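Each chain carries a letter (A, B and C) given by its place in the written order, and its residues are counted from 1.
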Amino acid sequence: MTGTDLDEAAPTGAEAAAAEAFSAAEQPGGLKAALEAVLMVVENPVTEQELAQALAVGVEEVQAMLVNLQQEYDGYTGKGPKSADDPQPRGFELRNVGGGWRIYSRSWFAPVVSAFVLGGQSSRLSQAALETLAVIAYRQPVSRARVSAIRAVNVDSVVRTLTQRALIAAVGTDPETGAVLYGTTPHFLERLGLGSVAELPRLSPHLPGLENLGDYEDTTY
Amino acid sequence: MTGTDLDEAAPTGAEAAAAEAFSAAEQPGGLKAALEAVLMVVENPVTEQELAQALAVGVEEVQAMLVNLQQEYDGYTGKGPKSADDPQPRGFELRNVGGGWRIYSRSWFAPVVSAFVLGGQSSRLSQAALETLAVIAYRQPVSRARVSAIRAVNVDSVVRTLTQRALIAAVGTDPETGAVLYGTTPHFLERLGLGSVAELPRLSPHLPGLENLGDYEDTTY
Amino acid sequence: MGSTAEGVHPPPLTAGTPENLPAAGKAVFEVRLTNFSGPFDLLLGLISKRELDITEIALAEVTDEFISHIRRMQAEHGSWALDEASEFLVVAATLLDLKAARLLPRGEVEDAEDIALLEARDLLFARLLQYRAFKEISRQLAERFEVEGDRYPRDTPLEPAFTALLPDLIWTTTAEDLAALAAAALQPRETVPEGVRVDHLHGSAVSIREQAGLLEAHLRNAGSLSFGELTADAAETLVVVVRFLALLEMFRDGVVSFDQDEPLGELRIRWSGGDEPFPADSIGADYGADFGAGYGPESVGPGTVDLTLQ
């Protein structure tokens, strides 16, 4: 509240205050820096809509700035082809995965960074867990029984592990049987570096001769 | 593993690999980018000594690079007095707090950042948060993995919320796994109007209360 | 197997895949068998060990090995969880059929058993290929996890300045509320059911023997009934189907006779078996004792449907 005529309009909260009296664009660095500032505090991939709201600008503008930042971090100036004069890539990158934008350390510095990250990335998934995850990813929403049938083994404990790791989650129940249906989470996509489930590698090349098994394949991948 | 004569020395872990065969200086962006990578993702400020060790360079060199990065983020090139051609300051800044370095959002964007942070906050705890809080209260000290196992969902973000709300806090680490153990805080007791954890209502005796929850061992990862 | 393989011995992706198992050194192979997560995994392992493509021939060829492996596993692990064992047995039974069919001279596909065998083979084949597809994809996922694991997200605690801004919590929870929540959360969850899981079936299992007994009683009482009357109390289609099959069985054994005055006319069933009770138990020799409902992919669950029936 920098002394305006709004004194009697009691601000309803910090948001109102920010919107009324603070102009990010007027600060040093401008909107792009403001965007960076917000990206510094996100805990999960953040959508363009959320960012646009926080900055009180349009989604298109945010999109343009995000791409701009991404290129900047990658050491690409956008001024013609890449040259030796271009700045070096930064030690971090901005990525659009798991349904939103987030800052990550560069993969090639993993040997250095891993020492500083508590616990590092969680331990590897077992073969059973990976197979179960694959079935769920491509058949979602899907019941445990269905996954069991495809893998020909009981998957209860694996499903529990995958749930605890937030790679899958219960997404509904089968209207007929009442069985819990599972699907993958945004965290799953983030961990795989994917924007959406549609970006998963195609399953069909791995299914030779099964194209016509209509009653077998109830989803087309 | 950038092709050295160490092929037969099987690395025992990421750290060993880093120490033996990895040279951050040879990666795109070099040592400075490696430094950025670490500073960008560390949870807590890191000391110059830790950074020097991880990068296998001297403390002086790290200090010089830190100051350099700091100025770069501030939009100061170090080439003479500040001019209009200087790059804009970034939305983040490198701060040396209590002997350690970390990257923070730039202070003058606080109104935008707090609007964003508060936008996602509710003034009520979710059901998931309350359940997790209950489990932690009765099982403390307890690891996130253990709580996850009991609740059969991932609790990472909920634990973060509860920590931000100062209802729980890290109270130690598991001597075996190194996992952070959580317990409730005095603030939690205050909220409930209790003098101590011992005053929490007893769970019915047939429950596998606080003693032997063998079923929920979080061993299978 | 099962939870053991998943939990206690998480096989590293590279070492545990059957493709990478050493072909020589049988002892090593046997030890690693515990890493196979299921019959398909084992089957694929055996096929790739012999450097065969997945074909009907390959399946028939590895039958003996498959069976001897599950015998050995059984010996090593003592008793199995029923649903795990049954999957292996279903696969083993189909493989045996396959092998037997190959040993016999090629002839016309005539009777229902031949057709059933063909269907069982195709089903096994399709399931195996499907499993292999997911297995291959899971390998790609593992690689992606590996590569992406080198990127660490910025996930830093909120700066205290911002934490201080959080709106005050509206707190209405009492200690008793909390205790109730804890009690609910700490309640042991339903454990994995023992025995064969049938929850993947759409309907219930219906016993053909039981239905035969019922029909016998009705017919003995009434002498002659229409099929409609015999199935009037059937709660679901499956029961109707099973009663029909039971009638066919009883007809074969000469204890009932059918009367139908005109084509598509009403079918009347008469008891013609005399006073001796009908030995319903004999039906089990040809059919499984129970019918599972549903013939979609969902029904191909662990050991619930007798594949020779399909």
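We take it that a contact is a pair of C-beta atoms (placed from the backbone, for glycine too) under 8 Å apart; a residue touches a chain by one contact, two chains touch by 3 or more.
Keep in mind the model is a prediction, meaning the values are calculated, not measured.
Comparing each chain's Cα centroid with the centroid of every protein Cα atom identifies chain A as the most central. Relative to the C-alpha centre of chain C, the farthest chain centre belongs to B. Of the two chain pairs examined here, B-C and A-C, it is A-C that is joined by more C-beta pairs in contact.
One inter-chain figure worth recording: chain A and chain B are separated by 19 Å, centre to centre, where each centre is the mean of the chain's CA atoms.
Chain geometry summary: the mean Cα position of chain B and that of chain C are 45 Å apart. Chain centres here are Cα means. That of chain A falls 36 Å from that of chain C.
Under the contact definition stated at the top, the residues of chain C that touch 2 or more other chains are 3, 6-7, 152-156, 158-159, 162, 165, 167. Multi-chain contact residues of chain A (touching two or more other chains) are listed as 13-14, 39-41, 43, 92, 103-106, 108, 110, 113-114, 117, 157, 161.
Listing the residues of chain A that touch chain C in their complex gives 13-14, 39-43, 92-93, 95, 102-108, 110, 113-114, 117, 121, 124-131, 133-135, 137-138, 143, 145-146, 148-154, 156-158, 161, 176-177, 179, 190-193, 201, 203, 206-210, 213, 215-216, 218. Residues of chain B that touch chain A in their complex: 14-15, 17-18, 22, 24, 27-30, 32-43, 46, 50, 54-55, 75, 88-92, 103-106, 108-109, 111-120, 145, 148-149, 152-154, 156-157, 160, 178-180, 218, 220-221. Note for the complex: chain C touches chain A at residues 1-3, 5-7, 10-13, 16-17, 35, 37-40, 81, 83-84, 87, 91, 126-127, 129-142, 144-145, 147-156, 158-159, 162, 165, 167, 192, 197, 199-200, 202, 296-298, 300-302.
Those residues of chain C that touch chain B in the complex are listed here as 3, 6-8, 152-159, 161-163, 165-171, 173-179, 181-189.
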